[in-house]
Structures are given as structure tokens and as C-alpha cells.
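Okay, so subunit A shows up in both of these, paired with subunit B first and subunit C after.
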Partner chain A sequence: MIKTYLGIDVGSISTKGVLITENREIIAHAYLRTQGQPIEAIKNLIKELFKDNKNIEIKGVGTTGSARRLAGVIVGADVIKNEIITHAVAATYFYPETRTIIEIGGQDSKIILLKDSVPVDFAMNTVCAAGTGSFLEHQAIRLGIPIEEFGDYALRAKKAATIAGRCTVFAESDMIHKTQLGIPIEEIIRGLCEAIVRNYLGTVAKGKDIQPLILFQGGVAANIGVKTAFERALGIEVIVPQHFLIMGAIGAAFIAQDYTQKTKSTKFIGENLLDINFKTKTFECRDCTNFCEVIETYKNTQIIDRYGDRCGKWSEKLPNII
Partner chain B sequence: MKVAFPYLGYDTIALKKFVELLGAESCLGPPLTARTLSLGTKYSPELICLPFKITLGNFIEALEAGADTLLMAAGARKCRFGYYHYLQENILKKIDNRHCFYAISQYTPYEFFFKKMPQIFGVTPQKVIYATWLLLHYSALIDYFRKLIRLTRAYNFYDAQKKELEALRIIENVSSFKEVQKAKKELRKIFSPIINTSNEIIRIGLVGEIYLMLEPFANYEIEKELGKLGVLVVSKRSLYRHLKHLLKLDLFDLRTISNAYKYLKDSPGGEAIKTVGEAHIFAKKNIDGIIHIYPFTCMPENIAYEALQKLARDYEIPILSISIDEHTSKTGLLTRLEAFVEVVKRKKFKG
Partner chain C sequence: MKVGIPRALLYYRYGEFWKSFFKCLNVDFIISPPTNKKILDQGVKYVSSEVCLPVKIICGHLDWLKNKATHLFLPRFVELNNGLYTCPKMIGIVDIARFHFQNYFQIISPKIKNNFYWTHFKLGLKLTKNPLKVKNAIDNAQKYLNSYPKLKANGAPKILLLSHFYNIYDYYISQPIIETFKNQGFTIITKEHLDNKRLNSTKGFAKNIRWVYERELYNAFYYFLPQVQGVCNIISFGCGPDSLISEVMLNEAHIQNKPFLQLIIDEHTSATGLITRIEAFCEIIKKRLDNNVSSIIL
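And now, the complex of A and B:
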């Protein structure tokens, strides 16, 4: 039996999972679409990861991503951590010199500043999601170009068309306007990549001290056009790590390893979770005019998690899982 | 006469007592809820700052509850707040025209004590001065309570929640200067046994726009959420300090402004200069992190934001800026707070 640790990152667009050994070698990883059904996605992810790895023993589990809480209660996670920390932990393991992490995911983008391998500051997009993965994907579909080839199109262009990057809707009408003028698609895509970078540097990274080494992670890092646009705007090399897609999951696995080595036990419920019926229900509490939406997670018929109430009268009846 | 004024977090109790001392009945309407905000948003210009929307919704609900006299603070010099009352008066007149709307200017003490308040409430100026003196002491008591509850939350969150109501009841029952002193002792008795200072905590300074800092509904209960994460919140803003500032009794004021000077030489309006000054004091005092909250589209605080970025670099202190409007999601806010607290903890305890 190989002792392994499981890291799961359930994001808005994709669900990522990774199995690492005690020596922090990656023995299996998986990447699938969340498709609005996180519970199904988690089950498929577990199936995928365990398919070729029968001879393993899970010693610890960590979850992260926007559905980290749900994923955590379903698989029985030992640690539930937000994306900032997991990304930072994974990045500093592979590149201890990292000072800046640029992370652009499906629906949010963030910047993490580190010093001596410790995150010291971060920022996340607050009022605008222009330039995140789901917008790029939408444009790729609209233009009929596979998202994987988007970056190559941008690289082929000699110059960039000017695209407004402040708002996704305006960016789209700007793109349509430019295509109607007959500007080649390559230049438009390059323009879009530059607009994304401009928007990122102007909003998320506003006023932050960007120092090398710079790591670029998250789904959008697959787009070489955006990476090149970053390098052009910053004038420094930007590194896309080998596992840029699953850095969050890797970080979660590392944190779970550190944690369970202290506690010597795991809450992981095992592979039989595939046979359990998980369900979430919501109801509106009408006891005051706040009308909180309370979210409940059921394991078969038993309630395992409940949150969303402002006053705490529903959630405090269950043990705090975080 | 049924008087309404906007809710102001815990300090509402003190303001209520002030109105009652002047011989009027207070009628504030139901506590602030999602309905208040959606009412306010419905009648507000879209890009106006969040405090305008909440206070407007607040007034509409107070009118529904039967209030006939509305009091709104006015005068903030260069900031939009100074114009709130013109607009609110207009909007409210269209909704219900049977009420009186008074704008209370904050920077004209003579008019406040001798003309405006005596005229509205039909009392002598002496009475107004006396009521203001008591208001100062009530708000000092609430400031004291706030310090205690912050400490308790950081060390023992769930017990703090249980004792909060009991403590608020004591404050509500205070009705004289003597009882203020007695209540302070009682509060200490309630909280000191449950403050268990054995475990290590982090301290985070809260700066920003005053209404968002004082009204938990407007800031999505940020102080409670931070307490839940085991953070001791430090803040210099309260009704008590604001009153002292207006009455020119606050010595801390000068210190704040001189500390802001390195990053912001002149006040751009609102409380931006205080935000920067307080943040600078926090950074010097080895506070572990700073959270800056302000309404989205707030001009002065956006200027303070730039100054704070520079301060963060100089002192290597983590700063989280949160701009809030009616579209802010609580989940998003919690993710940021959680991550920020984790960053601050890792920085302090090195891993």
C-alpha cells in the first residue's frame, strides 16, 4: 500500500484533483468540468483518480475552491482551505523564490504577494469579472475557435486590435465591431489578451508591488497569448508552472499532509462515497425579515452541514466543520 | 412627535436616549434588513454610495412605522454626504408628504444648541446642552462595551454571542450619569470571566468610512465574522469619538492628522485623512494587518486607498481593501476575510 494524500479543488468551471505520495510526488491527477453539478463532479473525480491506483491508502484529504465546503463535507476532508493559501503553498514548493502569483481562474482573478515563501498580501477582483476564464471561453465559442488554440492565434498576430477591457459586454461589442471592419481574427484575439492583462493590472493588481519571480497559474495560464501579454506589459519573464491547472489541488494536498501528520488520522470516508446519495437543499428562514437562505447538505437522509443563516440558530446546532 | 434617525449600529441606543431626553418619542422602524436596502436602492440614484441607499430605505421604513419627524446628519465638507439630505428630502417628500425632514448640520455647534434643536423639539438650549453631555457619556459607555465585546469575540466567540444581548439590555436601562458608571462595572463583570487570554491571537485594525464601520448591517457584520476567525478587531472610530471630534475635545484627532501627513497631506473630504492617519498609527504599533472598508464609488476613500498601498509597502503590513455596495456577496466577502486572516497568521507565526 502506498500512502497518499488527496487534494481536491472544486472551482466554478472545473474540478481538479490530485494524489500525492509522502515524498510529494504526484501519482495521479484529474481535471474535469464542474458543469454546475459539483457533487457529481466530485464523484467522477474520485472515480478517475482511483481508476488506475488500486494499491493506495489515503492518509489525508484537503479541499479548496469555491465549493470547498461542500466538497469537504462530502469526502470528509481534514482541512478545508481557501484558494489563496493553497495556491501560495503549492507555488512556493515548486519555486521557493516566488514573489508574485498571478492566478486567473474561471470566475475570479487574484494576485498573491509573497516574501520568504510566506504570503504577505493578496487581492481579488471585487466588482468586475472581465477577463476571467469563463469570458474567454464564451468568446472562443462565439468565434468558433477551440479554447486550446486561442493563445496560438494571438501569437500569430503582428499587432493587436484595441479592445475595451473594462466590461465584458463592451469588450464583446468592441470585438464584434472590429470583426465587422474586417480586422483579422488573430489581431482581435491578441487585442483581447492584452485587454485582459490591462484590466487585471489596473484593477486586481492596482498599486501592488509586482516583483520577480512571477508565477502565472489557473486555467487562463494555458493561454500563451495572455502569458505573452503579461510579459510585454511587465517587462519581466512570467513563469507558467508545469502543473498550473492543479496548483490549488496540490496545495490542498500538501496542507492536508502537514495537518494529518500531526493528528495521525483522517476523516476521509473512503471510496464508498460513490454509493452514497448526497443532496443539498435550501430553504428560506422566515423567522425575521432577513429571510436568510439556509443551505443544508444531506448524506442519504442525515444532515451533515447547514449554513447561510445570519443569526446562527440553524448552523450552531451542528458541529462547526471549518 | 415621533422622531426617526438612521440606525447606527450599537450607538443607536445612545441616539435614541438623546431624542427621548429632549422629550420626543423615537420611532426608528424595524431593524435593517434586506428589505430596507432594496427599498433604498429602488428610490436612489444608481451610482450613489451605499450609506445613502441604506439610510433612505431606513427612513422609508420608519415612515411606514409611523414616524413624523426625520433627522438626518448633514455637512461633511468635500464629500457627497454633505448633499445627502437635499436629495433624501426630495425623494421622501414624493413618497409621503406628511412628515418633517430636518438636516442637522454637524459643523455649526452654535446653531445646533441654540436654534435648530430647541426649535425642532421645543425645549430650551440648556436642555439640549444637558442632553448632549449625557449623549457623550452614553456613547462612551457603548464604546467601552464595544472594546469588551471585541476582546471576548476574539478569545471566546460563542460565549460572547450569548452575553451580547444581556450586556445590551444593561446599556438600554441606563438613564443617568451615575448609572453609566455603574453599568461599566456590570459590563466588566459579565465579560471578564469569559475572556480567556491564554491562546495567541492576531490583531487587525479596521479603518474606512464611518457609517460602514459602525453599522453591522452595512458592513455585513465584518467585526463578528473576524471575531469568529479569532481576530481582535482594533478600531478608533465610534460615535463617541465622532462627537468629541465635533465638540473639538478629541486630542487623538491631532495625532491622527499628523500621522496621515506622510501619505496624505490634505484632507480630500469625508474621513479619508483619518483612515490614513489611523492606519499609519496601527502600522507603527505593530498591528498585524489592516482592513479598509468603504462604499464602492466613495471618492475620498478611493484616494485613501492609494495612500494605503504606499503605506503597506513601507511597513510591509498586509492591507485588505473592501469596497461594498448592494451587490456585494457575503460569500465573496467571507472568502476574502478568511484568506486575509490566514495570510496575516502565516506572516505572524511564520508558517
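And now, the complex of A and C:
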């Protein structure tokens, strides 16, 4: 039996998972679409990861991403950590010299600054998801270009069309207008990549000291056009790590490893979770005028998690199973 | 006559004063309850989506008060202490109220322009003919002027939670934020913990700030920065003055190497995004403390 640790990162667009050994070698990883059904995505992810790895023993589990709580409750996680810390942990493991992490995912973009491998500052996009992965994908679909080829299109352009980057609605009308002027699609895509970088540097990374080594992680890092635009804007090399897509999951697995080596036990409920029927329900509590939306997670018929109430009376009523 | 007072915006600064003032004059009044979801949902219907959250909330309170009061007390705060202004929305809220609610109440909106005392004195004279009684009512209420609500602040590490009193002390807005900080083991101080003299100081950059509450924010920021482990600035989406002053503070925090978190709030109910940011912020501060990074210059 190989001792392994499982890391799961459930984001808005994609669900990522990784299995690492005691020596922090990656023996399996998976990336699939959340498609608005996190529970199904988590089950499929587990299936995918365990498919070729029958001879393993899970010693610890960590979850992260925007659905980290749900994922943690379902699989029985030992640690539930936010995305910022997990990304930083994974980045400094592979590149201890990292000073800046640029992370652009499906709905979020963030910058993390590190000093001596310790995250010391961060910023995240505020209310608006402009310039993140889902916007790029939307544009790719609209232009009929596979998202994987988006970056190559940008690289083929000799110059960039000017596209507004602050707002996706304005960006889209800019793009439509530019295509109608007859500007080649390559230049428009390059313009879009530069707009994303401009938007990122002007909002998320505003006022932050961007020092080398710079790592570029998250789904958008797959786009070579955006990477090049970052390098052009910053004048420094930007590194896209080998596992840029699953850095969050790797970090979660590392943290789970550190944690369970102390506790010597795991809460992982095992592979049989595939046969369990998990469900989430919501109801509006009418006991006061706050009308809180309470979210419940069921394992078959048993309630395993409940949150969302401001007063805490529903979450406190829960028998302590987790 | 029954005077309705909305529990929103300036209530969180002058509420106790008004309560005492009206009580002394034997005026019957009613105060709307603390903000809840229903009040917010009602308020959103009255204003364009571009205005800030606190204005949406006050409209909900006005809606709650209709049919429960005959008069509405909503003073127009324009200028305080010579050349210090409140924000345009605070000045204009009376007009919003007039537009939507003038069929429901008679609106009492004395204009306050460097004459807080006299405005209330004149108002008092309209309510009772006895000037001595009015003077007594104001003098009695005076003691509430400088006693603001405060969060309990003992223990360390400390976070300076910077925002307007109508954001922090309206627990409907601030509760998820405050709770998350507490769960992470942090103590919160706000600008209300600073004494009045320092709060209104005009030293340094503060003398250039012409918005009264933004000046308070800046002064509190400047004074408390060395004492706290991090600063969290809550900004209502669409707040013009805050967006400017926040930039100044962000730069200063950067120079002094203190973590600074901007949180932008609006009426969306999901606290997940806020909680993720606060959790990460707290962990970064803890990691700095563990590694003694605060002494290293970035």
C-alpha cells in the first residue's frame, strides 16, 4: 500500500484533484468541469483519481476553492483551507524563490506576495469578475475558436487592437466593433489578452510591488497570449509552473499531509463515498425578518452540515458528526 | 403627532442625542427596528442600483416607518465645523424621501450647516413654545453627542476595521465580517475608539480632507496603524469619497508594511467571497507574526 494524500480544489468553473505520496510526488491528478454540480464533480474526480491507483491508502485529505466547505464535508476532509494559502504553499514548494504569484481562475483573480516563502500580502478582485477565465471562454465561444488555441492566435498577431479591459460588457462591444472594422481576429485576441493584463495590473495588483520570481497559475495561465502580455507589461519573465492548473489542490494536499502527520488519523470517508447519495437543500428560515437562506447537506438521509444562518441556531442544532 | 426616526445613516451617530432631545420635549417618536433582510429588500426598490448600500438601507427604514408615524425626522446634514462636508447622498437623502414618501408623512428636515445647536433649538421652539424647556432638552442630550457606540476591544492581535459608523454599527451589514475576524482570533477596533480631538485633527494630510467622516477615517487610520496588525477597510460599492481616501490609506499602509484589505460591500447576500478574503487576510497576518515578518521591509 502506498501512503498518499488527497487534495481537492472545487472552483466555480473546474474541479481539480491530486494524489501525492509521502515524498510529495504526484501520482495522479485530474481536472474536470464543475458544470454547476459540485457534488457530481467531486464524485467523478474521486473516480478518476482512483481508477489506476488501487494499491493506495489515503492518509489525509485537504479541500480548497470556493466550494471547499461542501467538498470537505462530503469527502471528510482533515483540513479545509482557502485558495490563497494553498496556492502559496504549492508555489513555494516548487519555487522557493517565488515573490509574486499571479493567479487567474474562472471567477477570481488574485495576487499573492511572498517573503522568504511566507505569504505576506494578497489582493483579490472585488465585486467584478472582469478579465477572468469565464470571460475569456465566453469570447472564445463567441468567436468560434477553441479556448486552447486562443493563446496561439494572440502570438501570431504583430500588433494588438485596443480593447477596453475594465468591464467585460465594454470589452465585448469593443471587440465586436473592431471585427466590423475588419481588424484581423488575431490582433483582436492579442488586444483582449493585453486588456486582461492591464485590468489585472490596474485593479487587483494595484499598489503591489511585483518582484521576481513571478509565477502565473490558474486556468488562464494555459493561455500563452496572456502570459506573454504579462511579460511585456512587466518587463520580467513570468513562469508558468508545470502543474499550474492544480496548484491549489497540490497545496491542499501538502497542508493535509502536514496536519495529519501530527494527528495521525484521517477523517476521509473512503472510496465508498461514490455509493452514498449526497444532497444539498436550502430553505428560508422564517423565524425572524432576516429570512436567512440556510443550506443543508445530506448524506443519504442524515444531515451532515448546515450553515448560512446569521443567528447560528440552525448550525448549532446540528449533532456534531463532522 | 408621532415622529418617525429611521435607524440608518446618521442615526448611528446622533440617535442617542435625538432620543433624549425628543423625550425631553415630550414628543412621541418611533424608531425603525435594526436592519433586516425585509428592510433591505424594500429599500432596494426605491433607488437606482447605482447608489450605495447604506442609502438603499435607509429607504427600507423609511418604508417601514410609513403608516406608523405622522412625521418623519430627517435632518439635512450639509456642513459641519466650517468647511467640512458630509457626502452628496447624505445631503440628498431628504429629496429622495420627499419624492417617495411625502404622501405618508410630513417631513421635518432642518438644514444643518455649522449650526447643529441652533438648528435643534429652532426645531424645539416649533415643537414647544417654551425656550427654556428647549434649552434644557438640548443641554441634556448634549452628553450623548460624543459617546458613540463601540465594539468591545480587549485582547490581541488587533485589526483596525475602518468604515463609516453606519456600516460597522449596522450589524446586518457588518456581522459576517466581524464574526469572521473573531472566529480567527482577532480583536477589532474602529475609529470610534479614538478620542474626539485626535479624530478631528487637522495635522498633516488630514487638513486637505474636506469630507468630515473621511477625515475621521484617515485620522483613525494614521493614529492606530502602528498599534494594529492589519487594517480592513469596508467600502460601500459606489462610494466616491471612500474610494479616494482608501487609495491614500492603501499607499500609506504599503509604505509602513502593514497588511491592508479592501472589502467592497453591496446588497448581494452571499458572504462567501467576504469570508474567503478575511480568512486569507487573517492567516497572512498570523504567518507574519509567526515569522516575525513585520520587521522585514518588503
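Please note the rule applied: the second predicted complex is superposed on the first by the 318 of 322 C-alpha atoms of A that agree within 3 Å, B and C clash if a C-alpha of one lies under 4 Å from a C-alpha of the other, contacts with A are read in each partner's own complex, and residues count from 1 in each chain.
The rule is short, and it goes like this: contacts are C-beta pairs under 8 Å (C-beta built on N, C-alpha and C of every residue); 3 or more make two chains touch, one makes a residue touch a chain.
Predicted, not measured: the structure shown is a model, and the values here were computed from it.
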#### Entry: Clash or fit (per the criteria above) of subunit B with subunit C on subunit A
clash
### Query
Which partner does A:Glu293 contact after superposing on A: first (subunit B), second (subunit C), both, neither?
second
### Query
Now for A:Asp209: first (subunit B), second (subunit C), both, or neither, which partner does it touch?
both
### Message
Per the contact definition in the header, classify A:Ile85: touching subunit B only (first), subunit C only (second), both, or neither.
### Response
both
### Message
Quick one: is A:Phe122 in contact with subunit B, with subunit C, with both, or with neither? Answer first, second, both or neither.
### Response
both
### Message
Considering only the contact definition stated at the top, list the common interface residues of subunit A for subunit B and subunit C.
### Response
66, 82-85, 115, 118-124, 126-127, 206-209, 288-291, 310
### Query
What residues of subunit A sit close enough to touch subunit C in their complex?
66, 82-85, 113, 115-116, 118-124, 126-127, 206-209, 288-293, 310
### Query
Can you list the subunit C residues touching subunit A in their complex?
33, 36-39, 172, 175-176, 237, 247, 250-251, 254, 259, 262, 264, 266, 269, 272, 276-277, 279-281, 283-284, 287-288, 291, 293, 296, 298
### Query
What residues on subunit A touch subunit B, complex-wise?
66, 81-85, 115, 118-124, 126-127, 206-209, 288-291, 310, 312, 316
### subunit B - residues contacting subunit A, complex
30-31, 33-35, 158, 161, 221, 296, 305-306, 309-310, 312-313, 316, 318-323, 325, 327-328, 332, 335-336, 338-340, 342-343, 346-347, 350-351
